[in-house]
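For reference, chains read A, B, C, D, E and F in written order, and residue numbers begin at 1 within each chain.
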Amino acid sequence: MMDNILEPWHVEALVERFLEEDIGRGDRTTEAVVPDDVRGRARIEAREAAVIAGVDVARLCFSLLGEVSWEPFVADGSRVEPGATIVRIEGPLRTILTGERTALNLLQRLSGIATMTRSYVDAVAGTPVDIVDTRKTTPGLRALEKYAVRVGGGSNHRAGLDDGILIKDNHIAAAGSVTEAVTRALADRPHGLKVEVEVQDLDQLDEALAAGAEAILLDNMSPDLVSAAVTRAGGKALLEASGGITLETVAEYAKTGVDLISVGALTHSVRAIDLSLEVD
Amino acid sequence: MMDNILEPWHVEALVERFLEEDIGRGDRTTEAVVPDDVRGRARIEAREAAVIAGVDVARLCFSLLGEVSWEPFVADGSRVEPGATIVRIEGPLRTILTGERTALNLLQRLSGIATMTRSYVDAVAGTPVDIVDTRKTTPGLRALEKYAVRVGGGSNHRAGLDDGILIKDNHIAAAGSVTEAVTRALADRPHGLKVEVEVQDLDQLDEALAAGAEAILLDNMSPDLVSAAVTRAGGKALLEASGGITLETVAEYAKTGVDLISVGALTHSVRAIDLSLEVD
Amino acid sequence: MMDNILEPWHVEALVERFLEEDIGRGDRTTEAVVPDDVRGRARIEAREAAVIAGVDVARLCFSLLGEVSWEPFVADGSRVEPGATIVRIEGPLRTILTGERTALNLLQRLSGIATMTRSYVDAVAGTPVDIVDTRKTTPGLRALEKYAVRVGGGSNHRAGLDDGILIKDNHIAAAGSVTEAVTRALADRPHGLKVEVEVQDLDQLDEALAAGAEAILLDNMSPDLVSAAVTRAGGKALLEASGGITLETVAEYAKTGVDLISVGALTHSVRAIDLSLEVD
Amino acid sequence: MMDNILEPWHVEALVERFLEEDIGRGDRTTEAVVPDDVRGRARIEAREAAVIAGVDVARLCFSLLGEVSWEPFVADGSRVEPGATIVRIEGPLRTILTGERTALNLLQRLSGIATMTRSYVDAVAGTPVDIVDTRKTTPGLRALEKYAVRVGGGSNHRAGLDDGILIKDNHIAAAGSVTEAVTRALADRPHGLKVEVEVQDLDQLDEALAAGAEAILLDNMSPDLVSAAVTRAGGKALLEASGGITLETVAEYAKTGVDLISVGALTHSVRAIDLSLEVD
Amino acid sequence: MMDNILEPWHVEALVERFLEEDIGRGDRTTEAVVPDDVRGRARIEAREAAVIAGVDVARLCFSLLGEVSWEPFVADGSRVEPGATIVRIEGPLRTILTGERTALNLLQRLSGIATMTRSYVDAVAGTPVDIVDTRKTTPGLRALEKYAVRVGGGSNHRAGLDDGILIKDNHIAAAGSVTEAVTRALADRPHGLKVEVEVQDLDQLDEALAAGAEAILLDNMSPDLVSAAVTRAGGKALLEASGGITLETVAEYAKTGVDLISVGALTHSVRAIDLSLEVD
Amino acid sequence: MMDNILEPWHVEALVERFLEEDIGRGDRTTEAVVPDDVRGRARIEAREAAVIAGVDVARLCFSLLGEVSWEPFVADGSRVEPGATIVRIEGPLRTILTGERTALNLLQRLSGIATMTRSYVDAVAGTPVDIVDTRKTTPGLRALEKYAVRVGGGSNHRAGLDDGILIKDNHIAAAGSVTEAVTRALADRPHGLKVEVEVQDLDQLDEALAAGAEAILLDNMSPDLVSAAVTRAGGKALLEASGGITLETVAEYAKTGVDLISVGALTHSVRAIDLSLEVD
C-alpha cells in the first residue's frame, strides 16, 4: 500500500465505501451482458500529459472485487505523455468493468492534484521554498489528496485541526490582539506543536515575533511586502506566504526568501486528468 | 434536511465523518485561544456570483458541534452576487471556528457544481433537452454532488451501477455485437430498468433500435451526426448525446432535438466558488 | 462468492454480524466440552426434498471461524431428495459446532425460498410468464432472499425504492388521478427507470396506457379480468398480475398472457427446509 | 422503546439498517409523485385475527424518516380481530409512504410469531409448563423474534451460545459419553450458568442425572417416554421436551409434567400476519 | 488467535481501533527518520518477574501493519524472570517501531492482570476454592482482561449483565426482601441461568436459601462469618465470598470452605508489568 | 459534554460501546426483579479522598439508557473527602441499576488518574515545570485518560504518533546518529511539528542541540545530570526529564529547571478510586 498515508486497512475501508457507493446492489449491466467466466485484459492509458498519483488506490478498486493481476508501467510521481500506458490489468472481465469507474475517478483526481502541484513546484525550482497544501480538500479524501500533493513534489501543511496550531484573524479578534492570542497558544499547546499565526501587515508581524510565534503566515501580501517581512523576521520564525498566489505569481514570491508558499487551489479546484480504461 | 437526497441520519453520518477528518483529536488552536464561554456571530458571504447549493449540509457542520442559531438568507438554487450574505450564524465562537472549514469546503464545492450546471442549463434554455450528470463524481460525495446538479437545474442520470442499465463499448465487445448485448440485457434486467446502449455511429444506432434498446447514448458524435441520429430514431428510443460537449457547443447539440445531453465536467472538474466566513 | 448478489466483503460483513448475534462472547458449551485440538468431519444433509440455495453463504459461517475444508456435493439450484448430502466439512470440531446453527438457519431459509419459487415456476412451465418476487422480504436479508428467488428460477422485481418506479393506490390518491401520477413520474424520474403503475380496474388501465405508463400492475384481478387487460393493453406496456395468487391459481393466471406474476409469499411466509448437520 | 429487549440505540440502529436496505438512494416514486408538503393520515389495520407484536418497532420505521404523530390502538400482546385498527399515523405523506413497507414487514412477521406462540401457550393452558423458543431464528432478527415470543406468552431459551450451556449429541460424541461431557461442563462453565444436556433415551437420562446435570433436554421422545423421564428424574433436574412437537401434540406433552417444551417452528417457519396500511 | 475469547475478526477489529488511536494519520517520526526499506529485528523482554498474557494480541499490533515474522519464546501463562525474552520479531523496521507502543500497552496490562491473579491463586493452593473476577474491568477491554484472569489461573464470573443473575442490595431494596427478589428472579430468568443473590448477614442467607437461591454472595463478611455461612448452607447453594479480600487475607477465606472468592482488584487497579522492546 | 476532548458524538459512541460490552443482550437481573415503572433516587459518593474526573462521562452511562435527572455536586477537578456526594441521580430505577457499573468503572479510573496527577503537580508546586503524560495509556481510552491528566493539573504530551515528533533510541540507531536522525526529521516533518529527540547522555545532548532539535528528552538521567543538561542547553531547546521519576523524586527533578517532567505511571498503573452508588 502507499507508503506513509494510512494504515492498509484504512485505505481499504475507504475504497470499499467508494465501491459500494457506485455499485450499490450490483452492476446490473455487466451481470446481464458479460458471462461470469469471461476473462479480460485491459490497460489504463493517459490521454494527456500528467504526473500520475494513485496507482495503488486504483488497484484496490479491482482487487477488492476479484482476483486480478496488476502490472503497473509507471510509479506514482512519474510524468507520462498522452498515450502512455499506466497499468495493465488481467482478470475476470466483470471485475474489470465493475471497478473501472471508481478506479478512474480516483486516479484522475489524484493525478490532477499531483500534476498541478508539480507545475507549482517546477515554477519555483532552484529556490529553497516549499509548496504546501491547505485544509481546502474534498471532505472524505484529505489523506489521499495530501498524498497526491507529496507525489507532485509538494509538502503538507497540518493534516487537521489537531496536529498544528494556526491562529487566524478570527482567533485574533476573539483574543483581542496578536500578542494575546500567541501568548495563550504558547501557554496551552501540547509542547510538540509550534505556534503559527496569520498576520495582515508588518505591524502584526512585529507583534507576532515579539510574542514568540514560531511560524507566521503572511496573508494576502504582495511579493514586495513579503520581502520586507522576510527581512524584518530575520530568521526568527518560519514564514509562509498564502492567499491568491497563482502559477503566474508563485516564482516571484519564491524569490522573496519566504520559507513556505501555500496554495489552496492544489486541492479545492482540481481538474481531473483525462485517463481511460481500454479493454483489449 | 435536503429533500429527496438521503435519509436524515445518512447525511448526518457523512458530515460527522467529514468533521472527524478535519478535527481529529481536537481543534488545538481554538481550544487554546478562544475561551469556552465566548459567543460569536458570523456570516458566510459570497465573493463571486454563484448559484448556491448545500446550505443545509453546511448547517450540519456547526449544529453537530454545538447549538447554533442559523438564519439562511438564500435557499439552495438561488443566484447570488458578490458580497451577498448567504447565512448568519450565532452561537459559541468555538463551534463556529471549528466547523468553518468543513462547512466552506462543502458549500464551495456544491455551489461550484450548481453554478456550472446552471450555466449549461441556461445555454440550452428554450429547448426541451435535459442536461444530465454522469458517474464521474468524487468518490464518497455522489449523493451530494448529484443533489447539486438538480439544484442547478440539471437532471440526474443513474445514481450507480444498480439503478440503470447502460451498455458501453466494452460490454458490446464482450457480447460480440450491439444486438447480442441489448438482447441479453432485455432478457435479464429487472423489468423496471430500461436498457440503454452506447453507440459510436449510425450503423450501431440502427442495430440498437432493431434490437429494442429503449435509450441510446450517442458517443462523441458531432452535432450533425446527432441530428441524423434523431431523424433516424424517429422517437423510438430516448437519445442522449455525450462526450466532449462544452459550454460553447452545448447549444448546438440542444438544437438537434436530442433528448438528453450528459456532461461529465459538471462533477469531475469542479471549481470551488469563493465564499468566506466572517466573524462580526 | 455467489455471483451477482453483493460484493464479497458485503456478504462477509453480513455473516459476521449473524455469527456475532449467535456466538456473543463465546460458545461456552463447546469451549468446555470439546478440546481445542480435536478435528471433526461432518456433513449437512437434507431431510426432505428441496431446491438448495445458500451453499456459499453457509460456508462463510464456518470459514470465518476457522480453517475448514468444504466439499459441496450440490450447487445452488439443485433439487435434492431426502437423505442427500449437500456438503462435507472437515476442520476443527469447535469451528464446526459453533458455526452449525447460523449456517443451518441461513441454508434452511434460503432453500425454503428457492423450493417454493421453483414450485411456482414449474406450475407455469411452458408459458413465457416470469414469476417475480416483491419487497415483502425479511428486513436485513433482502439481497440473500432475492438471490434465493433467482436460484429457484424466479426473477427479481425492484430491489428497493430507488431502482424502480411503482406508483401504488396511495400515490394515486395523493396525485389525484392515475393520469396525474403517471405524468408526474414520467417528468421527474431518472430516465433509466420505467414508470409502472398499479391499477384496480380496466378504466384505470386505459388511463394508465393513455398517460404513457410503461408497465402496469393489475392488482387483485381475476384471471378473466387479467385476460381482458392483456387484450386491451395490446402490448403497449408490460403487464404484471399481483395479489392473492397462489400455487393453485398461478397456472390460470399464466395462461392469460400476462408478462409477470408477482408473489409476496415467496419471501414473507417461508417454511424452513429440514436440514441437519451430522458429525461423523 | 420496548422494554427489556435491547438498548434504545440498538433497536434504532437495526431499524435504520432495515430502512436503508429498502430505501437505498431514495424513494423515487414518492419523490416524483407526492409533493414535499402534503400531509397524510393513515392507519394500519388487521386483515385477520392475530396477536400483535412490534408496534414500537414499526413506529421507528416512520419516526426515523420524519416527524409523525403515532396513536396506537392496541398494545403488544393484544389479540385483534379482522378489521381492527392497530395504530393511526399522521404526518408528511412522503414519510408514511416511504416507511410503510419496512414497518409492515416487521410488524407482520413479529405478529406472526406472537400469534403462533400464543396458540401453543393456549393449548397448554392450565398446566405449569413453559413454551420456549430455540436458536432457530432469522439471522439478524433474534432479539426481536425472541421478544415476540415473550409477547405471545412464551419464554425464552438462551439467547445465544454464551448465556447458557446446552450439550448436544455432537458434543457428547466428542467427549465420549454423557458423563464425561457433563463433568467437563460442570468444571469449566462460569458458575452462573446451569449445565443442560440433551439425551436420547432413559439410559442417557440416568447418566446425566448421575453426572449432576441441572437441566436435561429430552430429544424427540414420545409423550410416554417423557412421562417416564419425569418420573425417573424426580425433580432433580429441569426437564425440557423438544423435537417435532406440534400444536396437535403439545397438550399431550404438557400433561407429562415436563417443565419446558421448546418449539423451533415458533421462529423458523413464520407466516406473516396479513396487515395493511391504508391512507385515509 | 487466543482460544475461547472472541472470534478472530473481533479481536482484530479491537486491535485495529487501538492502533488507529495511537497512529492517527501516520507515525510522523518513523516516516521521517526510518527509510521505507530498512528491516529490523527486535525482541520484547521482561524487566521484572511476571506471568505473561497477551502474546497473540501483541502480535496483531504488528501483523496488522506489515508482514513480520514472530517467534514467541513463552506461551501465555508462563512465568518469566527479569531479562527473559518473550518474543522475537523480524520485519520492516517501520512496522516494528510503529506498532511497539500499542503492543506493549496491551501486553504489560494483561500480564499485570495474569501476574496478580496468579499470586491470589497460589495463595489458596491446596484448597478447592476458585478465584474469580468481577465486572470491575476497564471499559472496552473486558474480554481481554477476563482472558488474562484465566491465564493467571483464575475463573471468570459472568461476562456481563446478560449471562448471569446476580441480585444485589439495591435490587433487594427495590423488591422489598431477599425472598421476594429471589422469587421474582426464579420466575422470570431464562432457565439456563442460575439465580445468585448477595446477602449481608446470616439472616439474609437463611432467607436466600429458603427462597431457592442457587448461589449466594457473602458480602464483606469476616472469615468467621463466612465459615458460619458455609456450615449453615450445607451445600444447598454455591457460596461466594466477596468484598475487601486481599492477598493477605485470601488464604484465611479459602480455609472456610467457601466455593468462590471474587476479587475486584484483579482488574480495577492493575499495575503494568515492566516490559521493553529492544531493537537489535 | 467535556470541553476540548472529543466531539460530542464521539464520546457518546464510546460510551455506547462500553454499555453494550456490559449489558450485552439485557440486564437479566434488573429485568426480573425491578418492575419497569419503579423510579429511584441514588447518589454516587466518595469513600476516600480524591480529585474527581469524568462526571460528564458517567452521566452518559445513564442518560443513554433512559431519562434521568442529574445533579452534580462537584465539578471535574474538585478535591473531595470521604463521604462526599459527587452527584445525585433520579430516574427509572432500572436505568440507574443497569448503568451503575459502567459509570463507576469510568469515574473511578479517571478520578484515579486525576488524583495521582494532582499529587505530582502539588509536589512540584512553586516551580514552573509541567507534569506531562505519555502514550502509556489504556488502549481505547486515551482521550479520556489524557483529559483526566489535565483535570489533575497536568499537561498532555502528544496524543499519538501523528501530532508530535519524538525520536527515540531505536530511531537513532536506524538513522545512525542523533545528528542524522534530527536532520532527517527537520527536513521531512510537517512544519507545524517540533522535532524532539531522546538522549542518553550529555554528548548526545550536545549533538542534538547542534543538529537543531527543538525539544530534547533526557532519558533516565539523575537530577544532577538533568541540572547539567539544563545548564548546557542554555534555553536553546525545551528539556523534558523522563524515566523512573516517582512522587518521591519528582520535586528534586523540578528544581533542576527542566521544562517538563513526564510520568508514565499517571496512566499505565492506575489505582481506581473507591466510589459507590447508593440507592436511597
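Keep this in mind: a residue touches a chain if its C-beta (ideal position, glycine included) is under 8 Å from a C-beta of that chain, and two chains touch if they have at least 3 such contacts.
Note that the structure is predicted; figures quoted are calculated from it, not measured.
**Student:** Counting shared numbers against all numbers at the contact of chain A and chain E, is it over half, same, or under half, different?
**Tutor:** Since fewer than half of the residue numbers are used by both chains, the interface counts as different.
**Student:** On a C-alpha centroid basis, what's the spacing between chain A and chain D, in Å?
**Tutor:** 53
**Student:** Could you put a whole-Å number on the gap between the CA centroids of chain A and chain C?
**Tutor:** Taking the mean C-alpha position of each chain, the two centres sit 46 Å apart.
**Student:** Per the centroid of Cα atoms for each chain, what is the distance between chain C and chain D, given in Å?
**Tutor:** Their C-alpha centroids are separated by 23 Å.
**Student:** Would you pick out the residues of chain F that each touch at least 2 other chains?
**Tutor:** 23-26, 31, 143, 159-160, 162-166, 190, 193
**Student:** Classify the chain contact graph as line, ring, star, complete or other.
**Tutor:** Shape = complete; every chain linked to every other.
**Student:** Which bits of chain A are touching chain F when the two form their complex?
**Tutor:** So the residues of chain A in touch with chain F come to 130, 132, 155-159, 162-166, 190-194, 196, 215, 238, 240, 259-260.
**Student:** Sort out for me which residues of chain F touch chain C in the complex.
**Tutor:** Residues in contact with chain C: 24-25.
**Student:** For the complex, which residues does chain A have touching chain E?
**Tutor:** These residues of chain A touch chain E: 3-10, 143, 159-160, 163.
**Student:** With touch defined as at the start, can you tell me which chain C residues reach chain D in the complex?
**Tutor:** 14, 17-18, 21-34, 38, 40, 42, 93, 97-98, 100-102, 104-106, 108-109, 112, 135-142, 159-168, 170-171, 173-175, 181, 184-185, 187-190, 193, 268-272, 277, 279
**Student:** Which residues of chain E touch chain A in their complex?
**Tutor:** 16, 19-20, 23-26, 31, 36, 64-65
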